[in-house]
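Consider the two complexes below, in which subunit A is the common component and subunit B and subunit C are the respective partners.
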Partner chain A sequence: MIDEMAVLEVRHISKDYRISGENSLIAKTFHAVEDVSLSVRKGETFGIVGESGCGKSTLARLMVCLEKPTSGEVLFQGMRMDTMPEGQLRRVRPRFQMVFQDSGSSLNPRKRVQDILREPMLYHRIGNRQQVDRRVDELLEMVGLPVEMKDRYPHAFSGGQRQRICIARALSLNPDVIVLDEPVSALDVSVQAQILNLLRELQEKLGLTYVFIGHGLGAVHYVSHRIAVMYLGQIVEYGSSDELFDHPAHPYTKALLDAAPVAQVDARDRIRTSLKGEMDEEPPRGACPLFNRCPFADASCEKFENRMREIAPGHFTVCSRAKEG
Partner chain B sequence: MAGSFCQHHASREVGITQQLLEIRHLQIDFVQGHSRSRAASDVSFGVGSGEILCVVGESGSGKSITALSILGLLNRQGRVSGGEILFEGKNLLDMKEEELDRIRGTGIAMIFQDIMYSLNPVFTIGMQLTEGMIRHRGISRKEAWAEGIRLLERTGIRNAPQVMKKYPHMLSGGMRQRVMIAMALSCRPKLLIADEPTTALDVTIQYQIMELLRSLRDETGMSILLITHDLGVVAEMADRVVVMYAGQCIEEAPLAELLEHPAHAYTQSLMRAVPGIHDDRSHLLYSIPGYVPQEYGEMQGCRFAPRCPKGAECPIRSLEEWREIRPGHRTRCWIEGGAGDDR
Partner chain C sequence: MKNKTHFGMIARRFLKHKMAVVCLVLLVILIVLALLAPVIAPYSPTKPSGKFSSPPTAEHILGTDKIGRDMYSRILYATQVSLEVGFLATLISTVVGVVLGLISGYFGGAVDKAIMSFTDMVMSFPYILLVLVAAAIFQPGKWSIILILGFVDWPGVARLVRGNVLSLRETNFVKSDITSGMPRRYILFSEILPNTIAPVLVYATSVFALSILDEAALSYLGMGVQPPTPSLGNLLNGAESLSVLTGKPWLWVPAGAVIILLVMCINFVGDALRDALDPRNE
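Showing the complex of A and B:
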């Protein structure tokens, strides 16, 4: 998928880890991400959903070059990032930032908030002292925190406020892209809505591009323009948020949507697609990754090609049995 | 099962009399040095036999603390400073440690959110699973082992005999939670307390575990007290719901009644703040301003008032007062019409 409007793009990207086996000392290879291609357009929010262990966080880290891919390419505004020397990479880094799930451990407990926000600017030598100070106030205001609180330490803030600090820090260098790895998963429902709204507001105001990773389907749907669904290191389906959630084509997407609990009276009685077993069971060689668990699998699924097929405009899936239209 | 369920419904009609577990005006304090802070005040609810009662609330609402206090599992800082917890009519708070120990396991069992730390990493699943049975049911090691395999199979674990010999780290999160459930069931409890049992699990596994818990209830007729923060889980599981906020029960109703006619401004806000998967995305999401209060010891009246859209109109009432909306549905919200009461 070559995209003219792409800001951030990955092509046939894979990441393998060597792990020692359960009962032996012989190292095995674990494919965390396998042959993933996607492009994120300017000003959009690209959501990635999937269950734990599906490789979505690894993909996020690959996209911001915190990890080097085993194979494949990472492009930021057409520049090859994965092969870029570290010194040069450091100069591009301010333009893509990351926010993590655990705001508690991603803030240094021994630094005041203003020092936390100042640090990226000092490191990248942006602005003089007064400019940096002014920028700190501006950032706090932007994320809805009282400026008087800048002398406090992270422990004095609640989970939601700490996540606001993390967002402010990510914004401090005026990035083009922010990769958000489960930014609201650890937060209470009432606070979650505040952060989701803040993210959308900031996107409109600053023209930011987001990659939003999450497992809360409602939250991902709310912020994303397009969504990709990952399973066992591969993207199995992607499309515009509404199209994907209203007309899921891949059995895994269907099962994921059906399993999500809904706060409605008749929620229990709806007919659902459900999967057998768990993700850790390896499918037979060459078969579709979902082969063991899929309720619709037949003989044709034993030969699997990891190739995206367009079943509706802008809606792609790897499932060979998904119907078009 | 059908019998006990009907019986429960019948008992609700006559008023809350035949409850398996009844918590009355429970009050829990945290003591640290000379300072005391209240973690729960005036918590009252009952669980009927064969019933699934969900207690829903955000962090700091006091829901987990309440659950822990039932089995006397509060750590040193937590102290029950008032109220009573009646199990089959007997006050658990008055019991000696040995008596309570008999209730744990055979009367009441508990499973936790933290599947990582709830199993001992240095013992096999089999050893941990059979320990309770040998101790509480007085059966032999061999019988317990066979029973353990049956229990694991019942919770949906394939090749259970091999799993018995494995260590916790060799199992996935979903498998570990199944082991925990098997362990909780091993002494045939009358009440299962489940504190966020699916929060650490993925949605497809969460769904499997919820199905499992429901079918176990139907089969054995045990009651379940389910603690959760997720209204979706509530909708999938509950017969009746208690909503908690800032250490207090604020609303109580049968499931359908609560979902269709939430009466407390907090319950309503909570329901609106959750983005649904088919919702229109063009609007800003409804969000509750502010944060859950950390200190509310001396707060007068409704604790949600500072964050409530109609907080200014709220008539200050004492904490004890309830407003009955319909039989079985009561709330501590006193704003008529608007923020509640659509009847």
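Showing the complex of A and C:
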């Protein structure tokens, strides 16, 4: 997956966590992310979906270098980020920002909104005091918050407003890429739509690139140009948003789509793909990770190769039984 | 509530606790009286100025002790000494505890292990014994008791700060600082430290109250502040015998009352501070 237009790229990236037992004699390794490669193109929104615990948040933290990968590479505009020395990395960091799910803990409760926004800009010398103060007002306006609210503390805001402040902070350093880790999952449905629209507006206005992580398929479909589906730390399928929704190829994607409720009466009787069992069931050695749970699995699935296959232009999956065309 | 300053909000929440406000006023009065002891004390606290063991009279409103010193003057000075011991011991233990707790929590690893083992070791020292040993080696007196109390009280602060730092380090606002490329000193001193000040301040009030009690206990045993310098503890020391306890209450009741009042007021103020400093209590 070498891509000329890539801004943010990960290559064969893995992250293992050691889980040590109480007496730490038996140390187990948990593969949170396993051999994931993807590239995010300039100006697009790249969605990543999967159920909780599939490793999508770990992938997000790896992409913004909050964690070091166990193996693999993280590249930002062709620069190797995972091996960059701390001092140099600090100067590049403003160009890729992150917005977290829990906006409550994303803002220091003891600082006014204007200080939260101002301090990183002053440190990175975005401008002098007056310029930065003016930019605080601009940013608040841009995310749709009244400028008079800038000298309030975070607890005086609602969840949706706090998420707007987080977006303003992410924008303040003029980033190229923003990684959004479930930015709307904790919000009311009506507020979700407002935030998603705001994100789309900002993307058009500022030419931003997003990595949008979520488990709500509707939201991800709504904002993303391309989507990758993750299962047990691996990407099982990716392709353009509409293609993936109209012609899901991997049984896991199908199940994920069919599990989402549809607001249409005649859709109730549709044929659903559903999985058996639970995610933590371990598949046999060498088999497809979904082997135990897949309704279509047969003997050929016992030998699994983690390799992407292009089944339609720009549409890839690891499932060997997915039909082409 | 628009445009309220942070301090204004804290003050308003504090004022809701009626009992704490009363206690704060009493505490301020006691502190002012103690500080003004050289001005308002009618007699010297260390030189005899009247009859031996005289009950309260017009000249000596709280009576005199067994060698004729004015009890009122002695209590004023004693309160000053006890407050000084309590305050300085609290200051030392808080500074040491905050510094070690910050280092331990933020850097983790081997540094954390070393500091925490040392903390546990100090915590398991029986402090009376420590004081006895220290008193045997050094001169017992005001400064040695300040240093000793400062030394035995910091582990609580260190653990409190470390725990706070550990949880603050995982918050999204610290993660946001990292992704914004903010330097470590900003994260430590501008984000983490201000969020640990409130619990430390609350904890410090209880250390302050405990230090006053400890000073009283140690001076009562003769291991603390040494006569003729008066302290609330060694004033009580003069009331050891049964005849004093039953027959000359002016020698010990006022000193005991001042200790109780100080400790109670500090604790009430600390409780109210805990509520007032929490920004979520809006």
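We adopt the following convention: the second predicted complex is superposed on the first by the 318 of 325 C-alpha atoms of A that agree within 3 Å, B and C clash if a C-alpha of one lies under 4 Å from a C-alpha of the other, contacts with A are read in each partner's own complex, and residues count from 1 in each chain.
By definition in this document, a contact is a pair of C-beta atoms (placed from the backbone, for glycine too) under 8 Å apart; a residue touches a chain by one contact, two chains touch by 3 or more.
Values in this document were obtained by computation on a predicted structure and should not be read as measured data.
Undergrad: Given the alignment on subunit A, is it a clash or a fit between subunit B and subunit C?
TA: Once both complexes are aligned on subunit A, subunit B and subunit C fit side by side.
Undergrad: Scan A:D102 for contacts with subunit B and subunit C and give back first, second, both or neither.
TA: second
Undergrad: Is A:Q88 touching the first partner subunit B, the second partner subunit C, both, or neither of them?
TA: neither
Undergrad: I'd like to know which partner A:S71 touches here: subunit B for first, subunit C for second, both or neither.
TA: Neither partner.
Undergrad: After lining up the shared chain so the two structures overlap, which partner does A:R200 touch, if you call subunit B first and subunit C second: first, second, both or neither?
TA: first
Undergrad: Tell me which partner A:Q131 touches in the superposition: subunit B (first), subunit C (second), both or neither.
TA: A:Q131 sits against neither subunit B nor subunit C.
Undergrad: Given the overlay on chain A, how many degrees, to the nearest 10, lie between subunit B and subunit C at the CA centre of subunit A?
TA: With subunit A as the vertex, subunit B and subunit C sit 80 degrees apart.
Undergrad: Go through the superposed model and pick first if A:T29 touches only subunit B, second if only subunit C, both, or neither.
TA: Once the two structures are laid over each other on A, A:T29 reaches no partner at all.
Undergrad: Going by the touch definition up top, name the partner, subunit B or subunit C, that contacts more of subunit A.
TA: Touching more residues of subunit A than the other partner does is B.
Undergrad: With the two complexes overlaid on chain A, what is the closest approach of subunit B to subunit C, counting only CA atoms, in Å?
TA: Nearest C-alpha atoms of the two chains are 11 Å apart.
Undergrad: Under the definition above, what is the set of subunit A residues touching subunit B in their complex?
TA: Counting only subunit A, the residues touching subunit B are 22, 51-52, 158-161, 188-194, 196-197, 200, 215, 217-219, 221-222, 241-242, 245-246, 255-265, 267-268, 272, 274-275, 277-280.
Undergrad: Residue numbers of subunit C touching subunit A in their complex, please.
TA: 1-3, 6, 171-173, 175-183, 186, 190-191, 194-195, 279-280, 282
Undergrad: Provide the residue numbers of subunit A that touch subunit C in the complex, in ascending order.
TA: Subunit A residues touching subunit C: 64-66, 89-94, 96-98, 100, 102, 105-110, 116, 119-120, 123-124, 151-153, 155-156, 166, 169, 173.
Undergrad: Once bound in the complex, which stretches of subunit B touch subunit A?
TA: Residues 58-59, 158, 170, 172-175, 202-208, 210, 229-236, 255-256, 259-260, 269-271, 273-279, 281, 284-289, 291-292, 294 of subunit B touch subunit A in their complex.
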